[in-house]
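What follows is chain A paired twice: with chain B in the first complex and chain C in the second.
What follows is the complex of A and B.
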């Protein structure tokens, strides 16, 4: 395997630094020739290659157009340098400055963190996917171009990265080759947070240069602030969906439920990732069934922003993040509920419950929590009548990074599964040591050009391996198996992985959330709630 | 020459102290960042209404920090082969720091002639451990093709200087002071009490070189990994998991930060407005009123 040096990123040409080859990727169990695609990542078309940056690894996540002339190239470099100065200024970047400087300063270059990275391992240990690679590029740029006298001893101090269009464009793409699962940060003995450096790079590109993955910005936060949800669901459409949910619940379970919407003064405002309403309606339905059965005072909101828990800003832009978080709080205040509970969505939970904590003042500092402790309380303290034998099939648990490693919600979901799934088995490793699904930091929704191929072939490869290994004793398709992923984005990624590797058909593995398993075990529902149909 | 040695020696101590204090103040005065932690296990968020529950005990955090620093536990768990040489080096350095503290105290508190040779064994053992560990680190970083990609020439120079410092210290104690604890303590006493200026102005090469090398390290200390480690744990102890409580000091800090003005240039940001304004006043082209119907 060819070694790629840090300074190679500044080779000012169109030559790809890395060509992804099937034989160099990490081996997967059970996945034979038939499932392997030959070429794991489809090359871009000639037209795409001519128009967009792809010289990092042949993949385009950000669709950065190539410059038309020298002047545009120079403007690009100037804009990057301007942004870099703002990134390390208190005024513009108080939100993460301390952490960023500490991480830029603290790396001992011991490379301990590399083996924690699912992308690096999945790729077959390609240099450019090391957590340390992009951080080191940024560090060397800061040392050379921002620090006083940086250019004088550049050779001696190793500050050998030159700034040009190719360096910056490759770096922008490289910021979208890390899921920000921060497994590397947790494994760094000196507390260097390479995941944060990814976040800060994305921020620089978005807040200064207007460069971001379009699914996160244009179709993500911008769409959310315009129409109410990143999925494009409008308030009237949401009300129709709720009505449909009520009908479907009755059809599936015989239960006539009136789902509370915009109920003022309820104890709980439940916010889901709106992707659930489009792709996995059974999840919000299961929440409604459980909450009604337990007699909880709750409501959904049909107001603009109130039915969409996502906050993609958390992955690339502090300003957009803050705008969306403040909208969520405003809705809860308007409904005069006692607290916000975020459904099964990792990034939405982490964004609103934890990260937003330090932008909220006065009455905007509103109580917020994850749904998992509440579900634990309902299941494990006997508030629902459940029959575990109804879940008598192998179940494994995927730990969403945002809720587990990054919030420390480790046990509630496990306790629930231990209680209601007799054949629950852990993946290895699990808990705070889990591997990301490969769809974190927005990857699960990003569909640009050949990026989905890369996501399944490289970034989700480790998760695929873990899932197959967890079911190795029951791998044949006649055993129906369930991967419980209590997170919308993780579910989206697992769906893509299963399609890419044809796992549902060949091995009978299905995926879904936690609440579906709870409802499936409820004794007063005749038909199984989990229908095992692939979607 | 002699006066230069004196100035460098005491100057480097002063520089080290001032450098450390300035760096700490600069770091501590930086604005509080958004909450962005990771956890090694279960946290308070596993509980319903977590904001009403007890936060992690500070003593638990302090205990964990001390064990991390003394045993380099993270390296032990994550990178065992490297830990073995790294730990030898650090153990040697920790013992050397303690030895110097003991020398300073003993030189004024104990009658030099009564000093035990155990002190000498302590110093030599510490130096040997640090040297073996340091040499191991250097060899690893020279021979490992993966690591070589990341270390600049300056890094290797630093380690060679470190090993030379340790060797020279051993030489000074063993040969210049003739492995005599009383002689060594008398010398340290003159340093600590600022005595025997005449001797300091005409230092023998062995002590002069040691003073120069020690001074280099004192000057480097404020920029070293030791400081970085401190800063890491400072963050862990002070900010980790501290919630923003209504009317509390965190809220006070945040309110001030929301008043800073923003100068980012992307089109979705209103340049020149304050952070609070930018977050709450969404530009027309992004808001429903203009485009969302």
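What follows is the complex of A and C.
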């Protein structure tokens, strides 16, 4: 395997630093080469190669166009430096400056974090995916180009990185080869946060240079602020979907439920990731069944921004993040609810419940929480009549990084599963030590060119391994198995992984959320709620 | 935005081949898109899916939930994958002239 040095990132040519090869990737149990259909990441077409930056690893996540002339190259470098100055200035970076500077200054280069990173391990330990590689590039640029006497110092110490178009373009792509799961930060003896450095880099690229994955920005937050949801669901479409949910619930469970919409003064405003309504409608349906059964005072909102919990800004842009978070609070205030509860979506929960604290100061504050502790209360304190034998199949639990490692919501979902799933088994490792699904930080929805291949072959590889290992005693397809992933983004990634490695058909592994398992165990419902159909 | 000739006319497409000018969609455009999507020749079932998606899109400016598509066309997802190998979102929606699905879907 070829070693790649930190300074290699500034090779000012189009040479690809890394070529991803099947034989160098981490080995997977049960998955032979046959499943992987030749090359793990299909190369870009000639036309794509000619148009877009791909000299990091042959993948393009951000569709960065190649420069037309020297002048454009220089403008690119100047703009990066401007952004970098802002990133490390108190006046311009009021959100995460302290953590950024401490992480840049304190790293002892012990490399402990490398073995914590699922992408680095999944890739077969390729240098460019080390959590410290990206950070060291940024550190060297800051030291050389921003600090006084930096250029001389860089020469003397040999820790040199040249700033040119290729360095910056590769670094921008590299900011999209980390899911910001922050397992590295949890493993660092000094508390350095390389995941945060990824976040800050993405912020610089987005806010200063207009570089971001278009699924997160143009089709994500921009679309959300314009039409109400990143999925494009409009209020009339939302109302139509709610009506369809009521019909489906009655058909499937015999229960006649009127789903409360825009009910002023309800205790809870429940906000789902709007992707649930399009791809996994059974999840919001199950929430409605549970809440009604438990007699909770709750409502959905059909207003613009009120039925969409996503806030992709949390992954790449503080300004977009703030705009979306403020909309969520506005809706809740207007409905005069007591609190917002976020459904099964990791980033939406962390964004609204934790990160939004940075802007919701004083009387702007508003009670917000995750649905998981509430579900724990309903299931474990006897507020629903449940029969665990109805969930008599192997179940494992995926821990969404945002809610588990990064918010500390570890036990409620496990307590629920212990109570209602007799064959619940943990993945190893799990809880706050879990591995990311590989779709974190927006990867699950990024579709640019060959990026989906990379996401399944490299960033999700470790999760695929964990899932297969959790079911190794029941691996044959006649045992139907369920991966419980209480997060829309993780579910999307797990679906793509299962398609890529063909494990649904071959090994009978399905996936879904937590609430579906709860409804499946409800004694007064005749037919099983979980239908075991692939979607 | 690149252009492609579909159904005998030039139409803007995105990098994944979704048409960007939904008003230019026609049966002929759909058939050319179906060729790219390995969904050609289009039989009655193909059209049932495409017409349902198209009608829903014209009413609500978005694709319907997958469960709604399955129910209203009376075809399960396996069948839809047989008709459109890239699936309902990337395959069937493309042939029906809808924009590429966005968000966490």
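Throughout what follows, the second predicted complex is superposed on the first by the 531 of 535 C-alpha atoms of A that agree within 3 Å, B and C clash if a C-alpha of one lies under 4 Å from a C-alpha of the other, contacts with A are read in each partner's own complex, and residues count from 1 in each chain.
By our rule, contacts are C-beta pairs under 8 Å (C-beta built on N, C-alpha and C of every residue); 3 or more make two chains touch, one makes a residue touch a chain.
Source: prediction; values computed, not measured.
When the shared chain is aligned, chain C comes close enough to touch A:279, but chain B does not. By the touch criterion stated above, A:75 is placed in contact with neither chain B nor chain C. When the two structures are aligned on the shared chain, A:362 is found in touch with chain B, with no touch to chain C. Comparing chain B with chain C, the partner in contact with more residues of chain A is B.
Within the superposed three-chain model, A:353 lies in touch with chain B and out of touch with chain C [touch as defined at top].
When the shared chain is aligned, no partner comes close enough to touch A:506: not chain B, not chain C.
Overlap of the chain B and chain C contact sets on chain A: empty, with no shared residue.
Residues of chain C touching chain A in their complex: 15-16, 60-68, 71, 76-78, 99-105. If you check the complex, the residues on chain A that touch chain C are 48, 63, 215, 219-220, 223, 229-234, 236-237, 240-241, 244, 248, 273-279, 281-282, 308, 310, 345, 444-445, 447-449, 488-489, 492, 533-535. In the complex of the two chains, the chain A residues touching chain B come out as 3, 5-6, 79, 82-83, 86, 90-92, 94-99, 101-102, 105-106, 108-112, 115-116, 127, 132, 136, 153, 155-159, 182, 185-191, 193, 196, 206-210, 217, 222, 225-228, 304, 318-320, 322-323, 326, 339, 353-355, 357-362, 365, 367, 369-370, 372-374, 376-377, 405-412, 431-432. Per the touch definition, chain B reaches chain A in the complex via residues 27, 30-51, 72, 74-75, 78-79, 82, 145-147, 149-155, 225, 228-229, 231-232, 235-236, 243-246, 250-251, 254-255, 257-258, 260-269, 275, 278-280, 282, 286-288, 291-292.
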